[in-house]
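Labels run A, B and C following the written order; every chain starts at residue 1.
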Amino acid sequence: MDNIGVYAARVAPKFDGLAPGHRACIGCGEALAVRIAMKAMGPNIIIANATGCMEVISSQLPATGWDVPWIHTLFENNSAVASGIESALKVLERKGKVPARGTKVVAMGGDGATSDIGFQALSGALERGHDFLYLMFDNEAYMNTGIQRSSATPWGASTTTSPAGKKSIGQKTQKKNMAAIVAAHEIPYVATACPSYPFDMMEKVKKGLAVNGPAFINVFSVCPTGWRSAVDLSVRLGRLAVQTGVFPLYEVVNGKYKITVEPSPMRPVQDYLKLQGRFRHLSENDVKEIQERTIHEYNMLKARTTC
Amino acid sequence: MGKRVGIEVSLAIAEAAKMADVDVIAAYPITPQTHIVEHMAEIVANGDLDAEYIPVESEHSAMSACLGSSATGARTFTATAGQGLELMHEVLYVASAMRLPIVMAVANRALSSPLNVWGDQSDLMAVRDVGWIQIICENGQEAFDHTICSFRIAEDNRVLLPVMVHCDGFYLTHVVEPIEFPTQEEVTNFIPKFKYPLPLDTSKPVSMGCFAPTFIYTEAKKAQEVNILNSKKIIQEHWDAFGKAFGRYYHPVESYRTEGAKTLLLTLGSFGETAMTAVDKMRDEGKSVGLLKLRLWRPFPYQELRKAVGNAENLIVVDRALSFGGCGGPAYSEVRSALYSEKNHPKVVGFVAGLGGRDITVTEFENMVKRAPQIANTGAENEYEMFGVRE
Amino acid sequence: MKKLENELTWKDLEIGCIVTEPGSTREYRTGDWRSQRPTYDFKKCIKCGLCSIYCPEGCIGQNAEGYFQSNLFWCKGCGICSKECPTKVISMVNEEA
């Protein structure tokens, strides 16, 4: 639970930005994550959205779910599109062609759009130092196309292109550490967030938006369809991912690491894994391996916070 | 009044974009486009133009950044060539379908593999169907003029389409030519202020690039097609205005010494200059030969082409690109199909020549004119050949 | 009378298919998707509003008495609100066929 307390929910901004009537799956953790991000960002933003679930569920012609200026073009280029918007605003304001409204630019995409196909465009935009916030909604596979593995899929998860079978554990590789990779670009703000901790997340989104320069947040987005979990568990699963140390919540402010939600005492990963069909095939030993790795990675992260 | 300047064509293109007061340039370097973007960067670095220059990490991102910039309402320019144009490919479709009036100079270049950085029009032909207005320049003056004029065309609210200004790599981009420069005031007066009708703007939020299921995709494409077809008369309108302002008039198809010609050559781009010399020579020798130059490639000028062909008996189309396994060079097959419904259409013969920077000389144009009737009369399945290839 | 989606012609589309009416998906009824529906025992409700924060649809607002309640026009019946409610106000019941 957020330590801010339950009544704080009532003081959360009413603004949503993503209207109801969107076509996300029942219990979609990503739509929830977008809503919470939007609350923190408010209406003075322009969004460049990559192709993916959020684009498809929100923008079917002739209607749109977005209350803010929003553009989708392709899968792998939202960082570049955001670069163009940010540069355009800068020069148009400088030349007096549009009023300076302090509008911020936000790029959003899934884990596939961000850590795979749009990786280069993201790196380029970060390196060039555009003033924008990138939100990676991470549901750990290509869900929009039917649950294919991405580089953000965790070890052992069964997806349609990393199926568990007699000769396969499922996903054979470890989840790509996007936050660390992005932090290596030495940008002012990097964080991980999860909508199950809405106030922690809103705080981070606000910080990311406020810094001058690029900011990046890896937002854990539970996908009941792809993870084969109960639709009413999307918030609980996010919480469990944090409490088991599978998805630690932290931020990197100007290179300085800080854990924002301490998972103490840390729960066993099995509490998180057992609620999901994508891990159902794992043996006791497999779970043990995940447990060990999770603790190892958490300790590595912890070590970074002390240096 | 402006002045006449001896300048490398690439630099002249950049100067044209500067005079158009572009707001954003997003570009990635590739031979033979480099001199354009280097000069652009220099102009911005020296403060001669107040613009944002985005040094992107690929051409895919170059065009993507242009999408964002143009959608925000900024006048947007870029340039590329060959492989770069190919890497942009999917983004090009988006720019036209989303009606974003980006202007792009293309230094036409051969495509890999094998790697070849020299001029031909393989890149141009590979983007035939991306929905952009495409203008093919013959000389430096045209490259300069069309860069300026294309902003006015692209940003016309009746058009709102991106424009490619094609210039043959090296043959055109890297030569120094005397170019008439208008004054800044003349250019400023010629290009109206850019105001995109529905930009990304928090005071009036719009959604761009929404998803179109089957029930509405066809309608979206119909709207796009009608729009580009309608742009042809508006392009001419702006070219006429350009002529009035600057004294140089342009048309979708240019004719050179075609009066009563039995045989016509048709070229695209810089080889028109050599072909003119060849036509002069053949005319001097009493041969009935003329030249057509296709300036507007998209929207395709059907009526203008039919009119320009007139009663010629033979039409020789010189392509600088192949359509592998297709019905001849791309321009050839399009020209031939454009004339098919004409009662007295000429025999159309295609030559593919000048690939990967290979020159086409006056003598070779003469040889094409000699060779054409032989091919035309064979009735071969594909009435075209690769010209000047060593057997 | 507004045209139905499949009655729109190419002339009805804005330039570049731009949609100019923000948040217009509000007209789309996603409540039809529901197989379960939230029911409320408001006596237990402390009006904390957590349910509204955690709703993926953003369809939970306050009713006349200030209690948080989902709008069934959009509510897809995921049941997250029921799971997350700290005072167990909300129970999910099957929609009748």
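What we mean here is this: contacts are C-beta pairs under 8 Å (C-beta built on N, C-alpha and C of every residue); 3 or more make two chains touch, one makes a residue touch a chain.
Everything numeric here is computed off the predicted structure, so don't read it as measured data.
Viewed as a contact network, the protein chains are fully connected, with every chain touching every other.
Among the pairs A-C and B-C, the greater number of C-beta contacts is found at A-C.
The centroid of the Cα atoms in subunit A and the matching centroid in subunit B are 43 Å apart. Chain geometry summary: the mean Cα position of subunit A and that of subunit C are 23 Å apart. In whole angstrom, the spacing between the mean C-alpha positions of subunit B and subunit C is 51. Contacts with at least two other chains are made by residues 59-62, 64, 66-68 of subunit A. The set of subunit C residues that touch two or more partner chains comprises 5, 8, 12-13, 17, 19, 22.
Within subunit B, residues 98, 205-210, 212, 216, 220 each touch two or more of the remaining chains.
Against subunit B, the residues of subunit C that register as touching in their complex are 5-6, 8-20, 22. Note for the complex: subunit B touches subunit C at residues 97-100, 160, 197-198, 204-210, 212, 215-216, 219-220, 222-223, 226. Residues 6-7, 9-10, 12, 16, 18-24, 26-29, 31-32, 35-36, 58-68, 195, 198, 231-236 of subunit A are the ones touching subunit C in the complex. By the touch rule above, subunit B contacts subunit A in their complex via residues 23-24, 26, 50-52, 54-58, 60-62, 64-74, 76, 90-91, 94, 98, 200-203, 205-213, 216, 220. Contact residues on subunit A toward subunit B in their complex (touch as defined above): 43-46, 48, 55-56, 59-62, 64, 66-74, 76-77, 79-92, 94-95, 97-98, 101, 103, 120-121, 123-125, 127-128.
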